[in-house]
Amino acid sequence: MDFHDTPEEAAFRAELRSWLSEHWAGRPLEGGRGDFDALRRWGGELYEAGYVGLTWPSEYGGRGLSPTYQAIYLEEMSRANAPGHPGVIGLNMAGPTIIAWGTPEQKERYLRPLLDGSEIWCQGFSEPGSGSDLASGRTSAVLDGDHWVVNGQKVWSSYAHKADFCILVVRTDPSAPKHAGLSYLIVDMHAPGVTVRPLVQITGDPEFNEIFFDDVRVPRDSILGGPGDGWKVAMTTLLHERGTLGFALSAELERMVNQLIKLVKEPGPDGRRPADDPVIRDAVAREWIEMQSLRFTNYRSLTTLLETGIPGPEGSGVKLAWSEANQRLTSLAQSVFGLHGLVSDDAPWNGFWQYWQLRSRGNTIEAGTSEILRNIIAERVLGLPKGR
Amino acid sequence: MDFHDTPEEAAFRAELRSWLSEHWAGRPLEGGRGDFDALRRWGGELYEAGYVGLTWPSEYGGRGLSPTYQAIYLEEMSRANAPGHPGVIGLNMAGPTIIAWGTPEQKERYLRPLLDGSEIWCQGFSEPGSGSDLASGRTSAVLDGDHWVVNGQKVWSSYAHKADFCILVVRTDPSAPKHAGLSYLIVDMHAPGVTVRPLVQITGDPEFNEIFFDDVRVPRDSILGGPGDGWKVAMTTLLHERGTLGFALSAELERMVNQLIKLVKEPGPDGRRPADDPVIRDAVAREWIEMQSLRFTNYRSLTTLLETGIPGPEGSGVKLAWSEANQRLTSLAQSVFGLHGLVSDDAPWNGFWQYWQLRSRGNTIEAGTSEILRNIIAERVLGLPKGR
Amino acid sequence: MDFAFSEEQEQLRGFAREFLASRYDDVRLAEIADSATGVDEDVWPKLASMGWLDQDLTFLDQAVLFEETGHRPLPAPYFSTVALAAPALDAEAGKRIASGALRATLAWAEPGRPQALLDPVETSVSGGRLDGVKTLVPDGAVADLFVVVAADGLYAVEAADAEVTPRSTIDGTRRVADVRFSSAPARALASGEEARVLLGRLRDRAYAALALEGVGVAQRALDLLVAYAREREQFGRPIGVYQAVSHKASNVYVRLQEARSLAYWAAWCVSEDDEMARQACLAAKALAGSAAVFACENAIQGHGGIGFTWEHVLHRYYKRAQWLAAFDGPERAQRAEVAAFLLD
Amino acid sequence: MDFAFSEEQEQLRGFAREFLASRYDDVRLAEIADSATGVDEDVWPKLASMGWLDQDLTFLDQAVLFEETGHRPLPAPYFSTVALAAPALDAEAGKRIASGALRATLAWAEPGRPQALLDPVETSVSGGRLDGVKTLVPDGAVADLFVVVAADGLYAVEAADAEVTPRSTIDGTRRVADVRFSSAPARALASGEEARVLLGRLRDRAYAALALEGVGVAQRALDLLVAYAREREQFGRPIGVYQAVSHKASNVYVRLQEARSLAYWAAWCVSEDDEMARQACLAAKALAGSAAVFACENAIQGHGGIGFTWEHVLHRYYKRAQWLAAFDGPERAQRAEVAAFLLD
C-alpha cells in the first residue's frame, strides 16, 4: 500500500499543475451555463497539450498511460477549478466503444477528431417509453439497399444540439426477442431527417435533448458489431461510461466541497459567517468526510483495475453515494442564507448554488437511476436474487 | 376545530391527574424490567379507580366513553411517567375481538377478569416460518369429539409466560385455500401440552416467548366466529391493535422526549451539559417536533373516528414514524456521553437509555414491520398496485 | 377535542380548489411564473368579490385558503397582504383590502444584517419621515403599501413614496423586491412593546400560513407521484409495484400527514392566541417546509427524467417548497428556537 | 498509487480469518461474552506464538488484524495492548508484549471530566508516585500494566500497584474498568511536548484501529444479511427479491466500502506518519463507527424478529459497533475537529 505518486506520476502532476496555472488560472468560474465554443477551444488546448485520451492506446492518438494518470488529471483539473473537455460522450462512451468494436476504417475516421474536440458526439439510448428499461426501445432501422432507414425518437441526449455524430441503439429485428433484436449505429447528426429539440431542465438550461429520426438514411457499414449485437455493444458503452465516471465524480465533489468551504467562511448577504454555526460546521465536515471516502474508494477500485484489468466492485457504489452527497451539499449551501439564497440575481452566492442545487436533483436519475443502481449492486455484487 | 377539552373532558383529566399524583407519584421509574406482580396489582388499582376499559360498552364492564377519554388517559399516564395496565394483549386485542365475535357466554366469562388484571392474555399469531406472512401459519387444530386438538408452534408472544389465555390462529382445514383454512381459538395456557419458552431479546429481557402446542385439547366451543373464520377474526384483532396504538405511541414518545430533555439539561458523567452543544440542541428540537406531529396526527385520526366510526387513514403512518423517531431519540440519548453511555452499571444515565436504545430496534419489526406498513400505506391508503 | 374544519370551511375549501384548478391549470401557471411580473393581475378583484380578503374571515377560514393556494399556487400577493401586512393595519385599510383596492406587504429584512423577522433593524423614522433600505420584501413589486419594520416600531408607507427594485427568486410566482425609503412619509402603526408583540404575532401567522401552503404543495406532489406510479410502466409493470417507488410514496404520505397535523395545530393556536402558539408555529414551519421539499424531491425522483424537465409542473412546486422552507431562515433556525424553549 | 495490501499481508489476513473463525464460532463467542470476564484467557500465548504481538509488525500488518478481529471478534486485550499501550512503551516492554508476558492498556479518562484522549487530566505524579482516578479504561481488568496519562506526561504503572474495579459495558467482550492509583510507583515514559505528540499519535492509531474493526463488523453484518436474504422466504419468495430488503443491503454495501476506503487511508497515514494522518483518522473513525452501526441495524431489521434475539449473533456485533462509535466521543465530536481543520 502506497499512496505516494511514483516519480513519473509526480512529474506528470507537477507538469499539469503548472500548465493549468499558466493556461487556466484567472478565468471566471463557469456556472454550468458555459459558452460551448469556448469550451470547444479549451478542449483543443487540452488535446494539444497532451491531456486528452491519456489512457487510450497511442495508435489511436492516446498516450497509453495507466488509469492512475487519468485520476491525477481529474483531480488536478478539479483543484484548479478548470472545466473539462466538452467531448465527454465521445471520450467516455463512443470512443471506447469504437476502439472495442470498430473496424480499422471506423477507428481511422472517428477517433482523432473526437480527441481534439473538432467533432462532438452524443448518444441515443433512452426513449420516452423506455426509461430505465433500455431493451424495450422501439426506434427502428430497416435495411434498404446500402442504407439503414432509421425512424423513431430518443430522449435525454446531452450535447445532441452540438453533436456531429450519435451512437444510436435501434431495433433492427422486431421479430427477435427483446435484447436480440437491437443493433448499434453511428449516425451523422447533420443527415436529413434528424431533428433535435432541446429539453429544458428544471435549472432552465436546455442541457439534454430529444432527437427525432424521420427516414434518416445511414450507410450500411456505419454499424458497430453486427446486426443483432446492439445490446452487447451498448453494454460496452455503459461499462465505460461507469468505469471512468468515479474519479470524475469524486473530483467534482472535491471542487464542490471546496466551494462550500469558501462560501461558509465568508460573511454572507445577511452579514453572518455560516462557519460560526456549529450545526453547519457539522454538516460541512460530514460532506468533506464523504468526499474523501469516495475519493479513496475510487483509488481502491483503480488498484484492482491496475492489477486485474477489471475495476473493483467497490466502485459501483460511488455514483450512488456521490449523487446523494451532491444533493445534500448543494442544498446545504443554498440554505445557509435562507431566502437570500433564492434570489436569482444575487451573485456570487446564488447563481452558482441555485443552479447546482437544482441540477443535483438530476444526479439520482441520469446515468442509471439510484433505484436501478441499487438493484445492480444487490444482484451483481451481492448476489441477491433478481427482483424482476 | 377546537383543541380545548370539553368541561367533561377537563374534569376527567383533572380527576385522573389528581388520582395519579396520589397513587403513583414518587414510585421509582421502571426501566422496562418491572416486577410483574407489582404491575398486576397496579392494573387492579387502575381498574378499581375506573380507568380501565374507558371506551368499552358499560354492559361489558367499561365506561362507554368516547375514544377521546382514552387519549387523555394515555397522555396523563405518560406525563406522570406511570406504567400502563399489564393486560395490554387482553385489553387491546383479545377483549375487542371477543366483544365483536364472542358468544354471550364468552363475553360473560372472559371480559371482566381481563379488565381487572386478574387474568392475563397473550396472542399466538406468528410462527417461525411465517413472519410477516400470517396466513402461511401451520399450527393445526383437528376436531376430536368435543375438542380441538392443537399441535404446532408460535413465536413473538409477549406475556405468554404470565398468561392465562391465548388467542390463537390455527389451521383447521388444510385442504382449503391459505386464508380460508384458518380458525381462531381461545386456549387455556394452563392446559396440558402447552409449553412456553422465553425468547431472550437483545436487551437481555425475555419479553417475548415461543409457545409449543403438543396435542393440546381445547373445548370445541372455545372458538371465536366459526371454523374457517380465523382470518376475518384475526383482522379484527389487528385492526384493534393498530387502532388503539397511536395514542399509546405518541404518549410514550412524549415520555421519552421529556426524559431526553431531562438528560441533556443536567451535567453528565463527564461533567458536561449536553444541552450546551448546538448540534444536540438541534436534534432534541427535531424529536420534540416529531412527537408533536404524531400527537396531533392521532388527534386528527381520532376526530375522523368520532365523526365516522372509522379512524382516519392519516393514523396509519403513526406507528411507522414513531418507531423511527424512537430509534433516533434513544440513540441520541445514548450517544451524548460517548463511552460512558455504554457502561452497564453507571445508572441513572445508562440502565434506562441502554435498555430503551436496544429495545427500540424491535419497534420497526414488531406489530407489523416497517416494510409491511409501507406496503399497506401504498396499497390501501394511496391505491398503488400490489407489489406481490 | 375537535380537529375538523367546520362545514362552511370545508365548503370554502371545495370552492377554492375548484376555482384555482380551473383558473390555473399547469400550463397557465407556468405561463404566469415565466411572465414579466409572475402575477395574475386580473385575479385580485375576483378574490375580493369571493370574499377571500374580507376582514371577518377567521384565521382558520384563511387556513383553508392558504392550504389550497399551496396545492394550486395562486399567483397574487395573497400571502403578503393577508398574512404579513393586514394584521398590522387598521380597520380602514382592512376595508380597502377587502374591496380589492389595496395590496400590501411587510418590509423587514435589511441588507448585510440578519434577516429574521424578529432581528433588530436600522431603519429609522424622524418627523414622520422614514429612511432605510429593505430587502427580500415578498411581492414588493406589486404592493400598494408597505408595512415597514423600523427600529422603534411599525409604520405604513405608500409604495408611491418608495423606490422599488424587483428581484426574481427561483419561484417565479413569489418574487421579492428591494425597497429604498428616502424621507418617505410614514404613518405609525405600533411602537415599542406593542410593536414587538405585534411583530411576533405577524411572524407566527406567517409561519402558520407558510406551513399550510407547504402542506398543499406536498399534497399536490404526492398526488402527482401516485398518479404517475399507477400509470407509468417499466419492465412491463406499473412502477408503483416496485417498493423503491411505492415506499417513497408511503414515506411522503407519512411526512405530509405529520406536517398537516402541525400546520392545523399552529393555525388553531394562532386563531385562539393559544399560549403554545409560538412553539406550534415554529414546529409547523420547520416540518412543513422540509416535508414540502421532501415530497417534491421524491416526486421528481419517482418521475425520472420527465420530472426533471422545465415542462413538467413539478419544479414549480419544488421551487415554491424551497421558498417556504427558506423564509425567515431555514428549518434549523426554527429548531434552534424550539430548543431554547425546551432547554433554557 | 497502490491501494492494495502486500501478498504477505493478505496471507496474514487469510490465516487470521481462519484462526478466528475456527476458534470463535458464534456460539463460543456468545459464551465468552456472557462469561465472568469476557476474555478468552487461553488465547494470549497463541497470539504471541503466531507473531501477532511482534514489535516488528508494521501498522499496515496490524491493520489487517484489526479488521479481522472486527469481522470475528477476538475476546482478548489485543486492541488495548497493541493500539493503545505498546506505542508508548519502551523496547523492553515491547519484548515482553511480543512474548505474551505482558498485556497493557491506556488509562486517560477521569470521572466528572471531559473524556476525550486529548483533554487535560488531573492525575499527578510526585516523587515517582502517581495519584489519580481513571475511568473507562479498556480491558482494565485484565491488563498487567497501565500507561497512565498524567498532567505532565505519560507514566507506566503496574496493575499490581493499582486498585481496579471492573465495569461491564453492553459489549461483553470489551469491558472497561475504573482504576484508582494511590501513591503508585510510576515510571516516566514521556513528558511535556513529547508526551503531547505521543498521545496524539496514540489517538490517531486507536482511531484507525477502531475504524478497521468497524469495517470488519460491518462486513460480517452484511454477510449475515445477504445470506439470510437469499434463503429466508416470505410470501413464497426469498426476501432478497424485495427492494425493501435488497436496497438495504446495497446501502450497507456502499457505506461499508466508503468506511473501508477511509480506514485503509487512515492506516496508511499512521504507518507513514503522513501529514494528513490526523484528519484521515478522524474521518475514518467517524464514518466507520457509524457505518458499523448502520450495517448492524439494517441486518437486524432484515432478519426480522430473529435478528432481535439474544440467541442470534447479530447483537454482539451491534454492541461492538456501538462501542467503537462511542470511543473517545461520538461521531459528531470527530466531525467538530474535522470542521476546525477545514474552517478555522
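Order of writing sets the labels: A, B, C and D. Residues in every chain begin at 1.
The rule we apply is simple: a residue touches a chain if its C-beta (ideal position, glycine included) is under 8 Å from a C-beta of that chain, and two chains touch if they have at least 3 such contacts.
As the structure is a computational prediction, the values presented were derived from the model and not from experiment.
Compared with subunit A, the chain whose C-alpha mean position is the greatest distance off is B.
The greater number of contacting C-beta pairs, out of the two interfaces A-C and B-C, is seen for B-C. Centroid to centroid, with C-alpha atoms defining each point, subunit C and subunit D lie 51 Å apart. One finds 40 Å separating the Cα centroids of subunit A and subunit D. Within subunit A, contacts with two or more other chains are made by residues 278-279, 282, 371, 374-375, 387.
Contacts with at least two other chains are made by residues 242-244, 247, 332, 336 of subunit D. Listing the residues of subunit A that touch subunit C in their complex gives 126, 131-133, 136, 155-156, 199-202, 204, 208, 269-272, 279, 327, 334-346, 354, 358, 361-362, 364-366, 369-371, 374-375, 387-388. Taken in their complex, subunit C has these residues touching subunit D: 242-244, 247.
Residues 1-6, 9, 68, 71, 261, 264-265, 275, 278, 281-282, 284-286, 288-290, 292-297, 299-300, 302-304, 306-307, 314, 317, 320-321, 371, 373-375, 377-379, 381-387 of subunit B are the ones touching subunit C in the complex.
Residues 277-279, 282 of subunit B are the ones touching subunit A in the complex. Residues 109, 111-116, 135-136, 167-171, 176, 232, 234-235, 242, 244-245, 297, 300-301, 304-305, 307-311, 314-315, 318-319, 322-323, 325-333, 336 of subunit C are the ones that touch subunit A when the two sit in their complex.
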